[in-house]
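In the two complexes below, chain A is the common chain; its partner is chain B in one and chain C in the other.
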Partner chain A sequence: MAFTSHSKLPELNTATILLVGMQGIGKHRLAGALLELNTSYSLQVRTATHLPLPAENSESRPRIDFVVFLLDANNNMSISKTVASAKELDVSYFLGRACFVVLNATSESLHCTDMSNITGLCDAHDSPMLCGSLQDENQRKCLARKLLCQTEVSSGFKHAVSPMLIQATKHTYEFMEPL
Partner chain B sequence: MAGNTGVASSKEIMASQKQLHNQCEKIWTEVNQIHADLAKEKPLGTLSAAENQMLEVCKAKEKQLAGEIHVLKNTPLEAYPSDANTLRVLLQQELETSTAQLQQTLDIVQTQRKELEEELNRERSLLEQHKDVHQSLVQKLEAAKDTSPEQHNSDRGLRDLTRRRQRAAEIQQELMRNLAHFATKHFPLPSAADINKASKRRRSSAESDEEQHRYISLLEILEVLMNKCTDDEPDPYITLDESFWPPYVELLLRCGIASRHPQACQRIRLVPFHV
Partner chain C sequence: MINTNVEIRLRKVLGRFKRDEFVKHLREWGSIPSGCLKEVETVVAEKSTRKALVERIVQLSNIKHLTTLDVAQLDLIYHQNHPNNRKWSVFQLTKQPEQNEKHVVTSPDAFRERLGKQLSFYFKNDLCLRTRGDAWWLRLGIQEGSQAQRLSPGNVVYMVHHPHSQYIIMSSIKVSHKDFVMQALLNSLHCSEIREIQLTGRDLDSLAALALHSNSQGWFSQFRLGQVDSNPLSKGPSRKRKAPSDVPDTDVVFENQKDKDHREQQILHAFGSNRQPKLQKIEYKLETRFRGFEFAPAMSLHKEPFHCRVKFEGSSVLEGIKELGRAGLTALPLPHHLANVHSLAKNHFVLADKKRTRPEQK
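The block that comes next holds the complex of A and B.
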């Protein structure tokens, strides 16, 4: 059975991030950057190449607080794998507990697909999209800090702020006047 | 927590701790209960079967938002805990943190104030300097106003000089006219007889007719000499050719009006009287 955001009881002062991305995309470098950050709670990072997760260790697996999809704009396979993985994730995660990280978004000449396809993927799941790079240490740190900020909200460490509150205040619910 | 409550006895503290512990236990059992209830519910499922993913996500979000609003509306406002000891500790902690924060703010404000004072002093000294500059400029302006009559004087001097130069030019013209008059009257162009007399020894009369026309007058010789002397200071010498009548050249040399070049006898110049 697929895991959901409420299928397990939370642990005390622990946040768990799941990084989903194809092999060699730099999941472990990002995980290292995340673990280097100073947090007042204990942070766990799990990695997976694709979803759904295998059933065998599901009992010992902790509750996943936040899911990060890593995809490379220059790699067609990573995009198609991410699309497939996102379909396998429980909808409860798309209520502010998941985000997409697009790598190499700046080198437009090397893109193997139009950028609107990727933004369309994020829009279809109504989840935030972050662009970043894992090459440079500073860029890694910056990306890790952004992800941690969202993780803290989805783990409930920010008092009286729920991920849904962030999602609800993200948009301006104003309808455009017809031209 | 216990160390902060100086006035409370250890027995009271124990009681408070036990109460808090009980509260935590109660909340944890509630959480477990809710979790068990949730497990009975059907999960939202994945998007693999959905036709419109965005619609599904938005529907789920709407449900979640409605639920959260419902919870917010129906939970009573959480006030401070009723237990006196816990309340005291809590308030003390809050006070301490706020004091520390205010202390930091005070430090920052003081530093800013110091910086601002320094800047003010700098600006003041700058203002003083500007005032000085202004005053000196005003003084200069006054002085310029006072000296303006003198400027008229200098204008008058200029006019005076111009008038004197005009007068000098008139005098020079007069002198030139006199010179021309004297030279043409007393030293005319050599007549044919003079030429024949001078060149009888070596030339035939046929040649001398042609030569006569080419001689220039004494006045012209003087003019050439004077122009060369004033216009070409480094080399004031002119070269004698056949248009110069030799007796006139001899006359000028004898009278000390002209002198020969030390190395070239064909070149003569005006004696520099003006130097």
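The block that comes next holds the complex of A and C.
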């Protein structure tokens, strides 16, 4: 059975973030950057190449607070794998506890699909989309900080802010036709 | 007249040497008396220009008594130490079974004499042979045509033969000389046939390894290199079992570890854990029917073969294919024509559809 956001009790002062992305995309570099940011709570990063997660680990796995889908705009396989994995994630995560990160979004000439497909994917799952890169250290730290901000909200560390509030007040990516 | 020729050649060969190789190779060459060698050493240490160094060496060597053969020897020494600048191709010799016991090439010198004699039927040549490790290196300089032609590098052929094996590795030969050289080789090695196998490349040691050890590449290379553990005293200290702790000892946990381990196992079984021999190019000629129907549905009507050529190029293509699996860019296990390249002793392949043995049902 796939994991849900409310099937386990949270642990004291911990946050768990799950990175889902194709092999070789740089999840472990991002995990390193996330762990380098000193936080007052303990952070655990879990990485996976696809969902659903193998059943053997479900006992020892803590409650996942935030799910990040990493996809590379230059790589067709990563996009298709992300689309397939996003279908497997429990629906309760798409209420502010998941987000999509697009890598290599700036190199237009190397894109293998229209950006509108990717923004369409994010709109279909009603989740925020972040663009970033994992090559440069500064950009990695920046991305890590953004993700950590959202994780803190969904772990409940921010008083009176819940993921649903963020979800309801964010704007979507459906652009209007230029007039 | 002869001496100026020799001098020109000597300068050319010496000009290729790197600064720190001079003393070692000149000592191996043996045409410079040892007293003068000491002087060469001091000149090298002085950090003068290379041109001045070459001049000094030419002066020191006894130019009157040097022959083209001596210069050829020096050239061969240079090439033995820099084998990776040339394009090599591998040839296979076959012997008739009755020739096996009677005629065996006994020693390198006997081989050189015989080959020199055979070649002299066809053209004037100078041939020198040096052993290196367990291989015989030959340099054949063909002295035909005008003066300028004789000095050109196109008339020089380098050959490497491992005695008692059936392979010869040769550098590029001119088409006009090829048949004669082949015939001379056949006669001197007592073989009946020589043919070019589709194995080419730049790295000589890798080509030799692929041709000679084609049965022990990949997973089996560990047996050839003696890496299989058989010494009972060599096992490390036994690890005591530790009770699993409640606190997670790592902050980064990989969920699909089992998949990753499985993939690593498959790669290990296909390629082994040793470094792969270096090939610069693998080429596939495809003569199969078109197979990408989901992208081009109109092609499904065409039944004739779709000719296509795929080239993999790089500094070490076999390592690259191994890394493809590791990076997750291919589905494992790799198909035979990619995974077994190290055992096939070829790098030009032709892939064709299987011919039907039964007639098609109407």
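Operating definition for what follows: the second predicted complex is superposed on the first by the 170 of 179 C-alpha atoms of A that agree within 3 Å, B and C clash if a C-alpha of one lies under 4 Å from a C-alpha of the other, contacts with A are read in each partner's own complex, and residues count from 1 in each chain.
Keep this in mind: a residue touches a chain if its C-beta (ideal position, glycine included) is under 8 Å from a C-beta of that chain, and two chains touch if they have at least 3 such contacts.
Please read these numbers as outputs of a predicted model, since none were measured by experiment.
Q: Once chain A from each complex is brought into register, does chain C clash with chain B or fit beside it?
A: fit
Q: Contact-wise, after the overlay, does A:149 reach chain B, chain C, both or neither (first, second, both, neither)?
A: Neither partner.
Q: Is A:94 in contact with chain B, with chain C, with both, or with neither (first, second, both, neither)?
A: In the superposition, A:94 touches chain B alone.
Q: Now for A:37: first (chain B), second (chain C), both, or neither, which partner does it touch?
A: neither
Q: Applying the touch criterion given at the start, work out whether A:161 contacts chain B, chain C, both or neither, answering first, second, both or neither.
A: A:161 contacts neither chain B nor chain C.
Q: First (chain B), second (chain C), both or neither: which does A:24 touch?
A: Only chain C is touched by A:24; chain B is not.
Q: Looking at the overlay, does A:115 come into contact with chain B only (first), chain C only (second), both, or neither?
A: neither
Q: Based on the superposed arrangement, let me know which partner A:50 touches: chain B (first), chain C (second), both, or neither?
A: second
Q: In the overlay, answer first, second, both or neither for which of chain B and chain C A:123 touches.
A: first
Q: Pick out the closest CA atoms of chain B and chain C after fitting on chain A and give their distance in Å.
A: 20
Q: Check chain A for residues that touch chain B in one structure and chain C in the other, and list them.
A: none
Q: So in the complex, the part of chain B that touches chain A is made up of which residues?
A: So the residues of chain B in touch with chain A come to 31-32, 35, 38-39, 43-48, 53-54, 56-58, 60-61, 64-65, 68.
Q: Per the contact definition, I'd like the list of chain A residues that touch chain B in the complex.
A: Residue list for chain A touching chain B: 1-2, 4, 6-7, 9, 86-92, 94-95, 123-126, 162, 164-165, 167-168.
Q: Per the contact definition, I'd like the list of chain A residues that touch chain C in the complex.
A: Within the complex, chain A touches chain C at residues 18, 22-24, 28, 31-32, 35, 42-50, 53-54, 56-57, 61, 77.
Q: Which of the residues in chain C end up touching chain A in this complex?
A: Interface residues on chain C, with respect to chain A: 248, 251-256, 258-260, 327-329.
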